[in-house]
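Chain IDs A, B and C follow the sequence of writing; residue 1 opens each chain.
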Amino acid sequence: MIKNLKKQNVWFVFTPYLWLVLFFFVPLALIFKISISVSEWGMPPYRDLFSFSENGLKINSTLGNYLFIFSDPFYIRSYLNSLSLAFTSTVLCLLIGYPIAFYVAKSKPSIRNILLIMLIIPFWSSFLLRVYAWKVLLQGSGIINSVLIHIGLITEPISMLHNHYAVILGVVYTYLPFMILPLYGYLVKFDLNLIDASNDLGAKPLNTFVKVILPLSLPGIVAGSMLVFIPVVGEYIIPEMLGGSDKLYFGKIIWDEFFVNRDWPIASALAMSGIVILVFPIIIFQLMYAKYNFKNE
Amino acid sequence: MNKLFFKIFTLTIGFSFLYFPILTLIAYSFNDNKRVMVWKGFSLRWYKELFQNEQILEAFYTSLKIASLSATFATIMGVMIGFSLTRISKIPARPFFIFLSSSPLVMPEIILGLSLLLFFISSNHIIGFPSSKGQLTVLISHITFSVAFVAVIIQSRLSSYDKNIEEAAQDLGTIPNMIFWKVTAPVILPAILSGWLLAFTLSLDDLVVASFTTGPGANTLPIVVFSKVRLGLSPEVNALSAIIMLIVILAAISIYLINRSNIKK
Amino acid sequence: MSEPFLQIIDVSKRFDNVVALDKVNLKIAKSEIFSLLGSSGCGKSTLLRIIAGFEKPDEGRILLEGKDITKLPPYVRPLNIMFQNYALFPHLNVTNNIQFGLKEEKISKEEINHRVNEILNLLELNGLEKRKINEISGGQQQRVALARCLVKKPKLLLLDEPLAALDKQLRVQTQFELVNLQYKLGITFIIVTHDQEEAMSLSDRMAIMKNGEILQVGNPVEIYEKPKDKYIANFIGTANIFNVLNKNNQIIIKELNYEVKNINKKENYVKCLIRPEKISVKKLENQSDNLNIGVVKEVAYLGSYTKYLIEVNGFEFYSFMQNSLVSDNLQIRWDDKVQISFNETSIYFFND
């Protein structure tokens, strides 16, 4: 169809890129600029990067914000907490999600479609409300405590909320569909004859899994893992609702620096360091995305 | 048989984990007690209070408005991106455009929200636009992160699409300018619809980016709900969850039925 | 057959109350090429998957060289299967596909390399060792799939529609290669196919299957010349089937109103089969009122032979004539009257 349009009309197709440059990349450049600015009172609460005075052009740039972040164990610990949360929950999502995705993909088509819809329903229903559901469940007077008391495992309600285990549970629960759906996408295309062929050639079920099924679903594993890992590093809502004071996370720190302390340069420097940490996983995701979505062209 | 048992066991545990919290929440939305988890008796009291809560209703209306506008704009742009990446064979520097369009997929929302807010403030400072933070700034932000998701869906449909049908249409006498509307659009319509739905849900669901970019008079539903449940529980939110779940389940069932009847045809 | 190599005893299999196999019995000798032939849904693939071990029969046993292998999982059975779509591992190159099965055995590295090279030579795959599966042609993929099985030196090789994915020219060539290979290696082949020509040209013996049952087992000549019933006669080649009347010690082919004279009659048959190539037609010059006269309804010239559809008394049947024999035949046109003749020994009587 493009071929039939006049040459000059083709370029309207590129307007979305303009949008993305303006509202995605320019803002990112802007927080980079602010992250190397000096903070001061006023509006905006930082000094202009360039200022003119009698002595000519003056550049008010500083690496102080970064130095400040990386010299304070408070920030470093929150980074590490977020990375470890993201890593733990990615692994847990993979361990829980892989068998589910595998068995759903290998069901009979009639059952498979119903199961798939059942996987998508929680994905569609509100993220915030799913986190809230766990807040309700884990309450001191909540259903889990009631059951535990009823069967005599405990006598007093135990505090299950406001600690980092509750955060991990909440993250695994809400991000599980992001792991299962890409895995499903690769496993459903998987030719079942390959499993038979491997068995026939003498590979026992475990060897077949390691040598055939796992390598062929690797793109799905990587895609799912990235879709869990990257957003969880910046997760704000779940630690805020289910977490306690035992561990602080990166997302909450940015939020507080910006909304509570009103320190824009520090918040921006935190965001930039977040991007730097995530560059590697983001590049892996980008390469995979380009490779598996455009390889047939 | 051992294998079958393991399969049923895994799926049962997995789906119970996914549904247990949601179903409990729905069950307790009928609890006639201010203390959310102490069962007192069946009642529709919280539904009644929910529908009398001006703040929630107004936020719900705001969210619907922003979500449908955002989904529509994001879908239009997503289709353009999908086309430019799959159908223009001589697109210069294609990897660069792929990178451009897929980057928002993998940006933590807190960074996205922060950068957009700082951008809007600066832009207001320099050119006076946007004049204030509000529904417009939330809309722009939602379009920005939804475009990438719509583009993925459209582009994967287009790359498995048989271009011969367009040539067949020409051969049968369709004039070139009408081919998009008569052939291409109907074929990729399911992808366009699911892209729109995804963008709609993403916008309706967003709390973090909206919290950064919102202003007076533009509180979306997640913002209001979050302010209610951040520190405690709210029986009205239980009722709201039940209603949202009901809508999602009905939508899912109808999509399932539509798909099934399409396959049968 | 002294000691049957593979014995299938009373094997039955149902899927959700649909009978896929119904008390199937079969004996297959060592080193023969045996085909399971039938249309789709006849149970041939299920039988193959049961022999390979992917499915367990509901009833019955499978014996290989006298040993019961019914309950053995596929990965310990001393046999291999070549899949219809080849099922080559897309993440491995040609060499790694071929040595996949050897690595599961406890064999030294040198031995593996030696055997892989041997099979690469045998199947003329040299030079493709490092290629990925999607970088080689369909014919090469078929040979890799074959190599992957043969390198394990199986006692029995199962082939599921081995030629179906190849184009026509390649198919004929590959048929001969398969037979040569089997002759060289002496491995027993069981081939599943729906293509009767393929089964005829490849097999030593074949079984015709329908609705989960084996209708007839025999060599291609037996099955073609002496089909047990109308279904088999029609399934293999083209069949002219006539009704037979037994009247006062006379045997009459009803539709042709022809009395068969030179026959040692033992029982009353109700049908007879005359293959089209055994019926010859000759153009009538003058319009005489002979009994064996038909009208030509269709003529199809196929190069080496010509197909005629002949009508006699409202009944239609085929005659195939070699074009080298009678050049006069080339002048036969639509609606011509022709004289029909056949040798009485080429009539095959049977009961339906």
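By definition in this document, a contact is a pair of C-beta atoms (placed from the backbone, for glycine too) under 8 Å apart; a residue touches a chain by one contact, two chains touch by 3 or more.
Computed from a predicted structure; not experimentally measured.
Using the definition of touching given at the top, classify the network of chains in this structure as line, ring, star, complete or other.
It is a line, because the chains touch in a row without closing up.
Which chain pair shares more contacting C-beta pairs: A-B, or A-C?
A-B
Measuring centre to centre with CA averages, how many angstrom lie between chain A and chain C?
58
Distance between chain A and chain B based on Cα centroids, please, to the nearest Å.
16
Can you list every residue of chain C that touches 2 or more other chains, as numbers and ranges?
In chain C, no residue touches at least two other chains, as defined above.
Which chain B residues sit where two or more other chains touch them?
There are none in chain B.
Please name which positions on chain B make contact with chain A in the complex.
By the definition above, chain B touches chain A via 7, 10-11, 14-15, 17-19, 21-22, 24-25, 28, 35-38, 77-78, 80-81, 83-88, 94-95, 97-112, 114-116, 118-119, 121-122, 125, 140-141, 143-144, 147, 151-152, 155-156, 159, 166, 176-177, 179-180, 184, 201, 204-205, 207-208, 212, 222, 225-226, 229-230, 233, 237-238, 240-241, 244-245, 248-249, 251-253, 255-256, 259-260.
Can you list the chain C residues touching chain A in their complex?
Those in contact with chain A are residues 52-54, 73-77, 80-81, 83, 85, 87-91, 100-101, 104-105, 148-149, 152.
Could you pull out which chain A residues touch chain B in their complex?
1-2, 4, 10, 12-17, 19-21, 23-28, 30-31, 34, 44, 96, 99-100, 103-104, 106, 113-115, 117-122, 124-130, 132-137, 139, 141-143, 146, 173, 176-177, 226-227, 230-231, 233-237, 240-241, 251, 254-255, 258, 264, 267-268, 271, 274-275, 278, 281-282, 285-286, 289-290, 293-294, 296-297
Can you tell me which positions in chain A touch chain C when the two form their complex?
Spelled out, the residues of chain A in touch with chain C are 191, 193-194, 196-204, 207, 211-212, 215-216.
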